[in-house]
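Structures incoming, each one as structure tokens.
Two complexes come next, and they have one chain in common, chain A, joined by chain B in the first and chain C in the second.
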Partner chain A sequence: MDKPAHRRLPGRRRFLGTMTGMDIFRIPVERLLLLIVASLVIFAAMNLLPGDPAAVMLGLDASPESLTALHHQLGLELSLPSRYAHWINAFLHGDLGRSYIYDVPVSRLIGERLQSSLPLILLAMLLSLGTGIPLGTMAAANRGTALDNGLMGVIQLFKSIPDFWLAMMMTFLFSLTLHWLPSSGFPGWGEGIAPALRALTLPAIALAIPQAAITARFMRSSLIETLSQDFIRTARAQGYSRGGVLWRIALPNALIPVLTLAGIQLPVLVTGTIIVESVFSLPGCGKLLLEAVNQRDIPVVQNLVMLIVTAVMILNVLMTALVRWLDPRLGTES
Partner chain B sequence: MKTVPTFLTVLAIGFSASQIPGTSQAADPRDTLSIGLAIEPPGLDPTRGSSEAIGMVTYDNIYEGLMRLDEQGALTPLLAQNWHVSPDGLTYDFTLHDGVHFHDGTNLTCDSVKFSLLRAGAADSTNPHRAIFSQIADISCPDSLHVSIRLQHPYGSFLYQLAWNDAAILSPASVAQNISHPIGTGPFVFEEWRRGDHLTLNRNPDYWGARSALRSVTFRFMPDPLSASNALLAGELDAYPSFPSREILSRFSGNANLAVVRGSFPFKAILALNNARRPFSDFRVRQAIAQAVDRKALLQAVADGDGTLLQSHMAPDDPDYVALPDRYPYDPDHARALLKEAGVAPGTHLTLTFPPIGYARDSSELIAAYLEQVGLNVTLQPVEWPTWLGQVYGQGQFDMTVIAHTEPHDITIYDRTPVYFHYHSPVFHALAEQYEATADTTTRHQLSMEMQEQLAQDEPNVFLFAIPRETVMNRHLRGLWTNQPIAGCPVAGVFWAP
Partner chain C sequence: MTTHPNRALRAGGILLGIVLLPATLIALLNGDQAPPIDVMHRYAPVSLLHPLGTDPFGRDIMVHVLTGAFNSVTIAVISVCLATIVGTVLGLIAAARPARSIMGLADLGLAFPPVLIAALLVTALGASATGEILAIALFGLPAQIRITRQAARSILIQDYIAASRLAGRGPVYIMRRHVLPNILPLLTVQATSSLALAILSDAGLSYLGLGAPPPRPNLGRALASYQIHIFDHPLLVAIPGLTIMLLVLGFNMLGDGLRDALDAAHEEQTP
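On to the complex of A and B.
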């Protein structure tokens, strides 16, 4: 990074074309290996754990004959390798199997749950970036002042507060005391956009706040670092005002690492839904996963985890490509 | 400072304007009900699984059987107008109500009964009580409203069994879809099920009996007690039967809208002992363990002393319950002497396995401490439900475990083989056989008392305590079951008082 030219807009290079031929070859092989390892780990975890799905399904009063009949129905008497082969083969053919517990296709369960999980994650991401970036920018622009110190203090506080506690306090205030927002549940999009958004607001805020705090801190340090670069001094020397440098040159450059951070935060938000959806009784994928693990609903756990792993991986590749497209300097480093 | 905080503020203000729950009641009496449940049913077909959650939604709401249990646990006819049992206890004749329709439009006839009960006992049936229904020799239909069931052997609990969830009478035309779209003859018709969230039932306009005052009922699945208590306090839920956490109940005290109502259910907490393993195969050891544990202190710790100490496998709400004397009272010195006599060396290692539920955890920790006082070395082993069901209940692989049996009238599990605690007693077996061989109520009550006494004496398990069931509900709600004699929450009789 010795003599970079300052620039305000990304170059003309094509989106995925920034990856070298080596990358294109290496990334799928690496990712494929990772997917295989992930599938083995999740399969082993679900199938070697003590606990009998048939016993969970039939409950306390089940007779041994009913259990045997159900074992046979579920194919649980097959050997582990053949069960793994069956699963992977079906997964590759887009068949996610049937839930043991609900006895409906797993794809349908996941499809239903995405209706609240996807908007929740998107909303939380928007909130996190929408508050973190302005706050971090404000702190960096006023570096060393009382405003900066105050903001950073508050941010440190929100980073340290456990999100489930925050969720409880917000419910107490906004649902039980002020009656502004529902405390739990999700009416579905069929009831209209406003009730659905109302139901997602508190969970999204609870999910977003710790991430917003991290984004703000990161934004602040990224901007401060960018402002100390040579090309900023050059721009100032060329006659840009202090504000002009900050908004038109430093900010776009400082945002690129924040984008990378957002890519890392996405899986954190996905795992965060496991707790948040349970606290707010939202019928989403996180709650589905938790319940499926507790009930040994093997097809749901295996396929949902594999889908999450795959989605995160694809997003990761896209995010890397996006960042390189925005900042061609990164593409030539390796 | 100009842009940032406004986003959240706008969001909050914008939403606050639209609606405040629970304050916009019109003058009309309410005809909807929202009930919170801790466990979501895995499917809606009670003939495919014995999960209590299936019954909570469907029992006497969607499905009906020939017989039913009322809120006090008494056996009454439902789809049957009357019945007659032959003197040899082998033939049961029922007369069905006329004009009963399934929700799919077909009529209830003798053929529906024949189909349902034979299906329950078929070789490929996964009915939780297949073994019982498979004792049906034959069902004949003299005409469409008369049913004659012939058993292979006399079975005195048969009528009672016909009141259970898994004896529901189903429509042959729609039986395959019951797991996701249940069809019965009940006062409510299935509307929708959003898995993981809620299930809605609507009033059945063609119901053969008295129509419900409720137009629509929603069951919401809220396993987290804290979020359930929030929903109750916010008015999003009208009732929550069997509230799962005693600690949180204090949030409702002094609340103007909500009451905590005590009821009963067949809850029997036991310290189950593996009678097939040493040292528990020795009666003296089982007695020593019983006398080493101060069950009164246990009940105090688990439920503030609010409950009944059990001496046998029968809850006080059961009509057959007898209050037996405490045969093995707390006496650690005697327990030590008994252990010595049985040759159990001090420091003997035992494992206490317990499932993840409050009463089991609290009791297990105390029991382990009590047993260490008499010289035993106890390892506590917490397990998840699937592990408990598979390893302890399914395979009988354990030393000791704390569990509550909540099925009504289940004393005859001590006559089952295999049963997870491996109790075998020729005396008890003889009593249970006589009990099942007669349908005469007085004789059965007498035999039930003798079975209770036999268990109290043999102490195959240490019988701990029964605790009341607590339902949180709106103060204006009437007619909701506060007892739970069977897994069910029938709501046809529920209404709102002004």
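On to the complex of A and C.
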């Protein structure tokens, strides 16, 4: 199926050149199939399970006429397959429906909420990679020493802290006691960048710390494993210094699995964001989702969940492609 | 830690013991319901009667938190058992034959964090313990399938499997007699580490109100209800969180210790 490895020039990293003809199509097609399954799951959960959304929305004392009218407005009298087709068609055209509760387009709600959610996730990801990778490298470079043991102990501890509890304790320390940073709310970007960033700092740190611990731990074992490979010994024999081998040869190789991990951890980060937004009362997508769940605002739940799943899936494909581009060996494995 | 497998094992055991023994004791004595509300004794200080004082409802904080811990661990254990059993069966099937559909479903888990599954289930059916267990189990399933499949494959390529096959044994027999006993230690390690994740998931879901509904207390809901008192009574927030941390740390260390012990046993077998 694959080209023999020796025919490929070393060091040549063409994006598509690392995949076989089938791979180029297989991975996106598989992800697409998964997305379709995901959409079916979401649709089924929202539409097949018992309970009439119109009755829920209008309350117990709704008149039959208003129920029928709402049924018509929601398209509930259509058959299930045509409702599904209708939904997917609209979703693909960027029409995410109308919120039952707010009576505005769901896309506008989500767009507003992304203003805090997206920077928060990005900030948390940067922070966790930016601290986890150096710490893991430090532990691996000093393997077996007191520094390594100490770092691993701290990492184990932070891996076990629930991020939302950490968030609460940090608000107690930094907002309520020291008054350094705001404890809740989000002023929006209109007020300038500084206050918005200040509002996002504590949530991002709370989100990043457990992720950084996971990254550091993984980075450490990845680097230790890389350092035990034959090509490291070869490089040492060729006259590279210990530090030169670590920085120039081992580190780039060891970073690749860490990037894969970052892709895998993405859903965990999404979960964390939803919870941390709730702790800091940030008006983000997580808060929107929870409000919608509590008010049974089905169009919001259905489309927001689908949007998150789609985004995670797309990022996952991009991450896989990036990792394969960086490390052509991976494409030839399976 | 990696150099002292038994130390991690012991530390994990001690941490879990600190929480789980009194929690079980209290659950046996008091049942799994919250301690009674007693408005006459709100915010009682630390005393012999109330070792950690009482909360804004006059409930004993220690009893409340430990009962919550018992309920949270129960949910976590049930979810992990469910994920382990279903994941092992699916993983074995996927190992025995090229089953792209099973692995594809496992990939689906990459995109569905438990909070989204729980959000869907709660919107459709309302909050329930069953829904929460399902959400946590579904999230743990993909890893379980992958690990089982990978481990089973490394057994299936052994010569004695071929010999067994030549002797006329069917796939079910081979899985049950040869593969399963061999991968059981690994599955135990995996289940222990999954418990740590399940407890974190339970705490998060309950905090958001997507977990098991009242009246049974649990750690996440305790945190949510005490959060507004963080300024005047920070200990109220610290205690349930520390309890979650002890449990997660305990299961993580127990899992690590078991894994190291397992590796050590392997190295002894194949010098």
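Definition applied: the second predicted complex is superposed on the first by the 284 of 334 C-alpha atoms of A that agree within 3 Å, B and C clash if a C-alpha of one lies under 4 Å from a C-alpha of the other, contacts with A are read in each partner's own complex, and residues count from 1 in each chain.
Keep in mind that, in the parts below, a residue touches a chain if its C-beta (ideal position, glycine included) is under 8 Å from a C-beta of that chain, and two chains touch if they have at least 3 such contacts.
What you are looking at is a predicted structure, and each value in this text was computed from that prediction instead of being measured.
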Regarding the shared-chain residue A:N294, is it in contact with chain B (first), chain C (second), both, or neither? both
Between chain B (first) and chain C (second), which, if any, makes contact with A:D230: first, second, both or neither? neither
Given the superposition on chain A, which partner contacts more residues in chain A: chain B or chain C? B
Kindly classify A:S278 by the partners it touches after superposition: chain B alone (first), chain C alone (second), both, or neither? both
Let me test your reading of the model: by the given contact rule, A:V37 touches which partner, first (chain B), second (chain C), both or neither? second
Which partner does A:S184 contact after superposing on A: first (chain B), second (chain C), both, neither? first
Quick check on the superposed pair: does A:M138 touch chain B, chain C, both, or neither? Answer first, second, both or neither. first
Taking the two structures together, which residues of chain A meet both chain B and chain C? 49-51, 168, 171-172, 176, 278-279, 294, 296
Enumerate the contact residues on chain A facing chain B in the complex. 49-53, 55-67, 69-70, 73, 101-104, 109, 112-113, 127, 130-131, 134-135, 138, 147, 168, 171-172, 174-176, 178-186, 188, 194, 197-198, 201, 205, 278-284, 287-288, 291, 294-296
Using the touch definition up top, name the residues of chain C that touch chain A in the complex. 1, 3, 104-105, 107-108, 110-116, 119-125, 196, 200-201, 203-204, 207-210, 223, 227, 230-231, 234, 237-238, 240-241, 244-245, 248-249, 252-253, 256
Using the touch definition from the top, list the residues of chain B that touch chain A in their complex. 1, 3-4, 7-8, 11-12, 15-16, 18, 20-23, 40, 42-43, 49-52, 124-131, 179-180, 194-198, 220-224, 226-228, 230-231, 233-234, 236, 383-387, 389-391, 393-394, 405-407, 410, 418
Which of the residues in chain A end up touching chain C in this complex? 30-31, 33-34, 37-38, 41-42, 45-46, 49-51, 144, 149, 152-153, 156-157, 159-162, 164-165, 168-169, 171-172, 176, 264, 267-268, 270-271, 274-275, 278-279, 289-290, 292-294, 296, 298, 301, 305, 308-309, 312-313, 316
